[in-house]
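Next come two complexes, and both contain chain A; in the first it sits with chain B, in the second with chain C.
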Partner chain A sequence: MAEEYSAQAEKTSQKKKSAFSRRTWDMIAGYSFISPFYILFAVFGVFPIFFSFYLAFFRWDGLNPMEFVGFNNFVIIFNDPLFWKSIYNTVIIGLMGTAPQLVVALLLAFALNSVLLKYKGIFRLAIFLPYVTSIVAVAIVFSVIFSNQESGLANTFLGFFGVDPITWTRSEWGAKFAIAAMVFWRWVGYNTIIYLAGMQAIPNDLYEAAKMDGATVRQQIWHITIPMLKPFIIFSVFTATIGALQVFAEPHIFQGRGGRPEGITIVLYLYRDAFGSNFFGTASATAIVLFFIIIIFSSLNMYFTNRIGRSKKVEVK
Partner chain B sequence: MKKQNMWAKIGLYAFLTIAGLLSLFPFYWMFVMATNPNNLINQSPPVMTPGSNLVINFQNVLDSIPFFQAMLNSLIVATTITFGVLLLCSLAGFAFAKLPFPGRTFLFVLILGTMMIPPQLGLIPSYHIITQFGWLSDLRAVIVPGLMNAFGIFWMRQYISSAVPDEIIEAARIDGCSTFRIYWNIVVPVILPAFATLGIIVFMAIWGDYLWPLVVLQDQSTHTIQVALRSLMDDRVRDFGMILSGTFWATVPLIIVFLLFNRLFIKSITDGAVKS
Partner chain C sequence: MKKFGLTTTLVFTTMVVAACGGGGDSTATQDNDGNVVADNEAEVTDLGSEDAEIELSFWLFGATGYPELAAEYVEENPDVSITFQEIDMEDHHNNLFTALSAGSGAPDMAAIEVSEIDGYKNAQDRFVNLYEMGADEIEGDYLDWVWEIGTDVEGDFLFGIPTDIGPTVMFYRADIFEEAGLPSEPEEVEALIQTWDDYRDAAQTVLDETGVVMAPNAETVYNAKRDQAPEQYFNESDELILEQSEFVKQAYDDTAQMIEDGYIGDYGMWTPEWGAAMDEGSYATLLAPAWMQGVIKGNAPDQENWRIAALPEGAGNWGGSWITVPSQTEHAEEAYEFLKWLLAPEQQLKAFENMGLFPSAPSVYEMPEFAEYTDEYFGGQNTAEVFANAALEVEHIHKGAQYGEVNTEILEGLNNVYDGIESEEEWEDILSRVQQRISR
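Showing the complex of A and B:
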């Protein structure tokens, strides 16, 4: 490569005069290389987004002419208890599924990173495997584990502790727990791997020094690992939050096509409204509310993760 | 000091073993149910050991859904999108990283912005566009929008900026290389590792995608494996042996591929997360 390069460099003087046309060529090449994305983006990105905002103010079933109704679609969904239920469920399932997940992932990554541990590869493999499986497969397997029957696996297990069988799909907390368990199980390994990658970048001297000073494992996690992992934690909290707000497949499979109020999420509510009842106007209004909820949660996330990180840094010093 | 280490070790192994078993258990139970007749699954307590119905259950799957057709559809969709995305994103990434053109920064920031928008926002109009194109129950309905990948462009740009030195491009240009030849003969060989990583990320995401295929692939013959698996749950009298046999056989290829390329998988996930 080096020889080629010097050979090419010799020719520099010969072709320098065509510099202007080269710039034009760069422009043409640049625009044509990026144009496929922007063409697709115009058709399947920009247009649908604006059309969604437009559609939210119309009554439309997809066939008959659209009818302008102003803010009526928003009034309709805001007066629908099921809409609020779906928001409540999404937040609760999100918290139940992701908050413990991030803590457990942190502990798992810390354990996998330990110098005392052999066979790291096998443990890592076992914990990561659920992420490779599709959400649909996870939801089906867990639907059977959390079956309503007394002989269902979860109910049998609870039976050992003298707990009465739970009708998982129809109970308020049972449904949420089952759906959150699916989210937890599938994503905990993913976050573990992310944290592990971050931890491997932390110099071991820090832990050695802390141990020398008599720091406990918990203190090591709290004062070294977490502050050093801040960017990774921000990333995972971010993706987990956005993922949690978009939960759909799990309740859709767990509670059947129609869904049930105990497990309905925002996206499921939107989906039922649009493709179950052909209420495209109100469904678009829901999509817009979802959009703003995601923006609000993302900003809150940013704010809090930044604050937590900042106070930690002071402690480290 | 030694004793403390031993206890720490025991605790560590206990914790990781429990976590590992909990992690693997649903796979094991999926296999157990896939090999047992339905009446045994419904007994109390449930069966915990594999049975002998492996073939019968899978035959029942084949009777209720076009399993292999669905796997093939998924394979077509995921492969086409993966290769398409790799080509389009590396071209665009190359342009954003190395080619000066007016509006470059603005257009790039626009791409970053689109990554923040939830895909469900445009769901209904996108569905409407697909019906207007006459692509309902046509694999193109999934493939064409899937080629649009903002993250891929962002990621490729980062990679190309750092992995391809300006000098090489400059030298090739002086030699009279066209811009596309520079891309093809210089950039592509250098970014092969990035192709592998992004390829895995895209393939997995598309393979597991559910909502959009569910909406646009309404005809059973065009179902992807995810949509097909779900339709196994439709029967009122659920044959769990059959349902989990379908799930099991749809999962096995994934696990085999994962075990073969385990390091590459894990690297791609961490790279994808860390580099951004």
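Showing the complex of A and C:
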């Protein structure tokens, strides 16, 4: 009896053991299949993030031993007028570059979606094309357009209207305008295509019904397209905001390696400290401030974009 | 067994990802320590036999022609093989900095440019002291001021051996000088413009007669004046002396004055307009180093009016590199032996003939091939002589690790003066900006 019992127990335990080890094995296999990403992410993503938090409290030039300085790096950057200027510039350039861009992208998408348009493929391609260009090449071409010389393209054009030549790289609004223009030009097509994809998902019946009721094009956009596009708008506003807070290559090329006060952005400020001057401590402190700024802006975004849709619904009622 | 498979997969994946990391046109290469080095457009040259006992690696930037030169050395020394890696200057210094900071991955030999070298001088533990390799025996072959840039302040730690240098001269446009009614032959121009006052007088004449500015931008003029000062931004204990020292302020004031007088244009260095203007003749002079010859020829290949004269009141140095031996190397002696050969006067002459690298060893200046060197582009002028005279005039001035920080702020300030800000007001602002920067 007892023997039988123990034999059975052994059998079950054996069964259990093999079942367990098989599960473990599956688990190991599963994890190993996804591990390359996580290992790389840990090495190149997670570690740098935490190291940069750590570094923000040290003074370090990359070669000599690190020196703990407490909050001094934050004190230094908060006392630097250029730091605040870089935040201001980032916000202003962001607004100038992205707000009109999203509106224009919406209108372009609406036009591209129109049944009246022929050769849709060509137009879609043409509008999307700037997005695949190299950002550095864009910045160089725009530097030539917005040249400081009187004979530069932008200045010549302004000359037709009797406007005095502008020192684009060094004037307060000229620099911001030129940088915002690059951001606008490069990203408008991307957002257009996203909106276009959203619009094609809107059932045509809605428009037909609206037309039957005598709705104008403006009313169609306002009451059908925009509410139906809400998730796409949230997405593009979100990515555009984060992108705008990280504008870097455009001012970097347009104004030279270290930038200038008129166009320096937070990321360029950070880059200059870290890779221009080897001030890794203050650069990390700047990165942390940027991290919190992005969180704040993203939450604000979420709040406001959520409201767009809601107010529509109230109106419809 | 399974574990082994997993590891292999991982390693393989990592390598694929690493190889793709640099973008579409990247080439992944291996240095002699087996580290994967992925770089954009890195040019790698392997010299010597594969089973050579000593494998040296050498990181370079710019067009030096050293790999071609070194082929001879490897032939004579079959136990040594050398791998050259050449990329652009900024990437080169970034890679080197990362490798030195990380403590692994650095080559056996690496070039460091003059504007970067002072930043490494408080990190002696990262380099081999070449004096310990016996470099004092070749010290006499090089110009004193060039050699001193490669040493620490006390002069007992040698970071690198000099390659080429950039003695500064005055490039000028003979046609513009002629049009302004000024003499245009090099000897005459040198006689005419001996001091900065002469330079200003000529600038006034050129402006009145032709409407062309004398200099493309404030930077070149300020650089020339600054390099004539006996002290710069920091003293040898690396304390900021910008406020106390009158010399830099003088250079700043003089440049600001020339801006106000309208002698200086707004062709920022390296902008397309600056390059195009070399051909169009939008400025009369360019105060620049020897290597600018190549830039001018590139931007204005058909122009026949550029000539070269000495700078008023003395030359400075702009550019040049030192070859260092990072302390991570296992072959410091072999690396030093090779460098001793590569940078010896005979090879410097060849580098000059091949690539126009201006020699830092003055004995080359007396070699007939060099002394008789003329350049058709510059009207058949004996250009080498003008540069050699300039090189002999330069004196060593201590710069300090944060030299670049200060310099950037002053140049930005001069641009602001150009845009109409009062120069004294701007100077105060420069001082506070400099304080902000160097306190980090």
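One rule holds in what follows: the second predicted complex is superposed on the first by the 293 of 317 C-alpha atoms of A that agree within 3 Å, B and C clash if a C-alpha of one lies under 4 Å from a C-alpha of the other, contacts with A are read in each partner's own complex, and residues count from 1 in each chain.
Basically, a residue touches a chain if its C-beta (ideal position, glycine included) is under 8 Å from a C-beta of that chain, and two chains touch if they have at least 3 such contacts.
This one's a predicted model, so the numbers in the text were calculated from it and none came from an experiment.
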Note to self: Taking chain A as the common reference, can chain B and chain C both be placed on it without clashing, or not? Answer clash or fit.
What the structure shows: clash
Next item on the list: Report for A:Val267: first if it touches chain B alone, second if chain C alone, otherwise both or neither.
Entry: first
Check: So which one touches more of the residues on chain A, chain B or chain C?
Finding: B
Next item on the list: Could you say whether A:Ser52 touches chain B, chain C, both of them, or neither, answering first, second, both or neither?
Entry: first
Notebook entry, point to check: Regarding the shared-chain residue A:Val163, is it in contact with chain B (first), chain C (second), both, or neither?
Noted result: neither
Note to self: Quick check for you: in the superposed arrangement, does A:Ile296 touch first (chain B), second (chain C), both or neither?
What the structure shows: neither
Checklist line | Touching partner for A:Ala209 - first (chain B), second (chain C), both, neither | finding: neither
Check: Of the two partner chains, chain B (first) and chain C (second), which one does A:Val103 touch, if any: first, second, both, or neither?
Finding: neither
Note to self: Under the stated touch criterion, which partner chain does A:Gly62 make contact with: chain B (first), chain C (second), both, or neither?
What the structure shows: both
Next item on the list: Using the touch definition from the top, say if A:Pro36 reaches chain B (first), chain C (second), both or neither.
Entry: both
Notebook entry, point to check: So, A:Phe275: does it touch chain B (first), chain C (second), both, or neither?
Noted result: both
Check: Where along chain B is the clash with chain C: 75-83, 165-173 or 183-191?
Finding: 75-83
Note to self: So chain A touches chain B in one structure and chain C in the other; where do those two contact lists coincide?
What the structure shows: 36, 40, 62, 143-144, 147, 149, 152, 256, 275
Notebook entry, point to check: Along chain A, where are the residues that touch chain B in the complex?
Noted result: 1, 4-5, 8-9, 11-12, 15, 22-23, 25-27, 29-31, 33-34, 36-38, 40-41, 43-45, 47-49, 51-52, 55, 62, 104, 107-108, 111-112, 114, 116-117, 122-138, 140-145, 147, 149-153, 156, 185, 188-190, 193-194, 196-198, 217, 232, 235-236, 239, 242, 245-246, 248-249, 252-253, 256-257, 267, 270-271, 274-275, 280, 283-284, 287-288, 290-291, 294-295, 298
Margin query: Considering only the defined contacts, which chain B positions touch chain A in the complex?
Written below: 5, 8-9, 12-13, 15-16, 19-24, 26-27, 29-30, 33, 41-46, 88-89, 91-92, 94-96, 99-102, 104, 107, 111, 114, 116-129, 131, 144-145, 147-150, 153, 167-168, 171-176, 179-180, 183, 204, 207-208, 210-211, 215, 225-226, 229-230, 232-234, 240, 243-244, 247, 250-251, 254-255, 258-259, 262, 265-266, 269-270, 273-274, 276
Checklist line | Touching residues (chain side chain A, partner chain C) in the complex | finding: 32, 35-36, 39-40, 59, 61-64, 73, 76, 79-80, 82, 143-144, 147-149, 152, 167, 169-171, 256, 258, 260, 273, 275, 277-279, 281-282
Notebook entry, point to check: Which part of chain C faces chain A closely enough to touch in the complex?
Noted result: 6, 9-10, 13-14, 17, 94, 97, 100-101, 119-120, 122-123, 126, 266-268, 271-273, 402, 404-405, 408, 412, 415-416, 419, 433, 436-437, 439-440
